[in-house]
């Protein structure tokens, strides 16, 4: 397995720096100024209600949203104007909420689709080590014939092949059985120990609390609060208000 | 003092209706004055037939969202039937034209039923193929006289007293038929049927979820469009005194698309303006052979890329009016 | 039953079917990636034939190099067309693509008609493919047999490329969800342009194959493209294999009709389309695009 990268901690500049990010879907102004940072090796989670703008934030960072303004810096480089393929090739990988498994591709083709963007991506053996079920389903004729959980694993597995070290996962546990959710949690923990940096969007904050180092709360297209996992207990009341749970 | 029976329409709708009424008034007055203007009436009559053809076509694409690439089959079918009815069966003009329109109606019912069934993207190709089928049938059918067409259609007396061989009388008859057809299209667009049609064009899944049977509305629009195109075709036979294969060829289908595109898809007066422009262009460029085709192609490309609203559409957009 | 005459018509049918298959394949690939129904496809087929004619008569370059050069040249023209015109239509209703390519078809046909009139220019069958073979029940001209076999091979190679290779998997994925494919780092806009060029190249290749048989005329693609549209409606645009099989099959049906009921031969494909629409509206391959 890959050796965990050592990072110099507080003196390192953030891997991802988002400042004043605004975004529009057509005429709708969804993001009104998102500010947050992710440091290398961290797992950061965006929490918030439905429609708060969490998915739009990920998509804006990835360059998928057409109209955006502000600043998004990855490894110090400004990417707010960059097209999504260039952002991907800088080492940013995105796993969308709907998973995006292609029906016109078989499982193997789905897995092999994203091209290598950095050396050191996981080999197929390493991937099957993480996701044993995928190996069995490899001969499946259609990517979409897999179960929800298997599709989620496939969606994560394929971006691990690319060598990207910064992963953005949009609601990876949505609609999945508890057993699969646990497996995804273990996978994220393992990736973290390998030195990956992960930006997570989650509705299920109990799951998020088992993997995340820090949280940000997104509401009405703005980041309104943030705290470390260690301070979770102290902030439970605030969380309940924000998330309405 | 507010009256109890105040207008239920919104201010925007009222202003739109006023703009459209003004436009109609201007158009009608100008057309009424043509015989006194020294403009060659035959040219204007031809243009009026095509204007009606284009209005009928626009109903389907501008408001129904369906691009028919085979509308020539309605123009030509009505033309052949009207010509035959007048020349071989001795029908008086009004019956010949109505018979022609009825033939187009029948054709529209049949072809519409066939064409609506596939996903919308195929509609243009299906209508084109159907029109080509009709073309080949007419190419071989004895009654059309093939390449020669039906010549020497008698103009006769409409309703027994309107002498259509008199250019002025013929002109006002054609104008009358055009205005009737135009008003039918206008009425269809501004009726509950028209509103549903527009909503289907804008967002079909939503309209269906609201309970509207989209296919039925589209089919009705198609039938109405085809029948009115037939009316134009029947009328045209009495202007030109012949019916030929040109009227059923796919180039004719392309021309009506061009007219509507230049004038403005989905505008009331666009097709009329577009028809006059294209007919004028063809007259002016008649000596240039195939350059007309090239120029028309260039206009298509330019309109699609830079001028999608068409002349009337741009004018209406600029002055924020409804035309 | 005159076996000779029937076989001769079947051969003509297979040849026409080859062109239907090659052209509907190109249309389907282009539609899948660009969401555009390329009305100019017939004119581009015509340009392929003219390219072969010019290569021979202006540069002395014969049939065999023309089979490669013409598709590349016309394919490059197609790429120019996509970059300068079609790319501005992404996101718009597909109707505009149809209208734009119709305009391009008019321009191309009009230009060629102006300079070459409407009559056909001759293009000789290459020496290696001249003559024929006596099969007993019919006399098979070698060139015509070559056209059918070569077209079949090209169609099968295209099918293999798209359905069984990684490059093809990029294409299939980009047809399904171009945004996500781009977010993986693949240059989707370039892929779209190249795919359009490829589809156009297929049309041009058909044009070169057609030149010795059908003469080189400005309007040679105009009536053909309408039949190809009917083929595409019948077979659907969602399946490569479906387009190929439908193309060949309809060619054969047309050939048979020419023998048994010649008056209907230029309408039988359209009649078949009507039947399919009435009986199986989702098209013969069943998959909705």
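Residue numbering begins at 1 within each chain, and the chains themselves are lettered A, B and C in the order written.
In this text, contacts are C-beta pairs under 8 Å (C-beta built on N, C-alpha and C of every residue); 3 or more make two chains touch, one makes a residue touch a chain.
Owing to the predicted nature of the structure, the values given are computational and were not obtained by experimental measurement.
S.K.: Among all other chains, pick the one whose mean CA position is farthest from the mean CA position of chain C.
M.R.: Result for the farthest chain: A.
S.K.: Going by C-alpha centres, which chain would you call the most central?
M.R.: If we average C-alpha coordinates per chain, C lands closest to the whole-structure average.
S.K.: Please state whether B-C or A-C has more C-beta contact pairs across its interface.
M.R.: B-C
S.K.: Using mean C-alpha positions as chain centres, tell me how far chain A is from chain B in Å, no decimals.
M.R.: So the centre of chain A lies 55 Å away from the centre of chain B.
S.K.: If you average the CA atoms of chain B and of chain C, how far apart do the two points sit, in angstrom?
M.R.: Each chain reduced to its C-alpha mean, chain B and chain C end up 33 Å apart.
S.K.: Report the inter-chain centroid distance for chain A and chain C in whole angstrom, where each centroid is the mean of the CA atoms.
M.R.: 44
S.K.: Considering the complex alone, what residue numbers of chain A touch chain C?
M.R.: By the definition above, chain A touches chain C via 62-64, 83-85, 87-89, 93-94, 96, 100, 102-105, 109, 112-115, 117, 159, 162.
S.K.: For chain C, which residues are in contact with chain B within the complex?
M.R.: Interface residues on chain C, with respect to chain B: 31, 37, 85, 88-89, 94-96, 98-100, 102-111, 113-114, 223, 226-227, 229-230, 232-233, 263, 266-267, 269-271, 273-274, 277-278, 281-283, 288-289.
S.K.: Mind listing the chain C positions that touch chain A in their complex?
M.R.: Residues 166, 169-170, 172-173, 175-177, 179-188.
S.K.: Which of the residues in chain B come into contact with chain C in the complex?
M.R.: On the chain B side, the touching residues are 61, 67, 69, 114-115, 117-119, 121-122, 124-126, 128-130, 132-133, 136-137, 140, 250, 254, 257, 261, 289-301, 303-305, 308.
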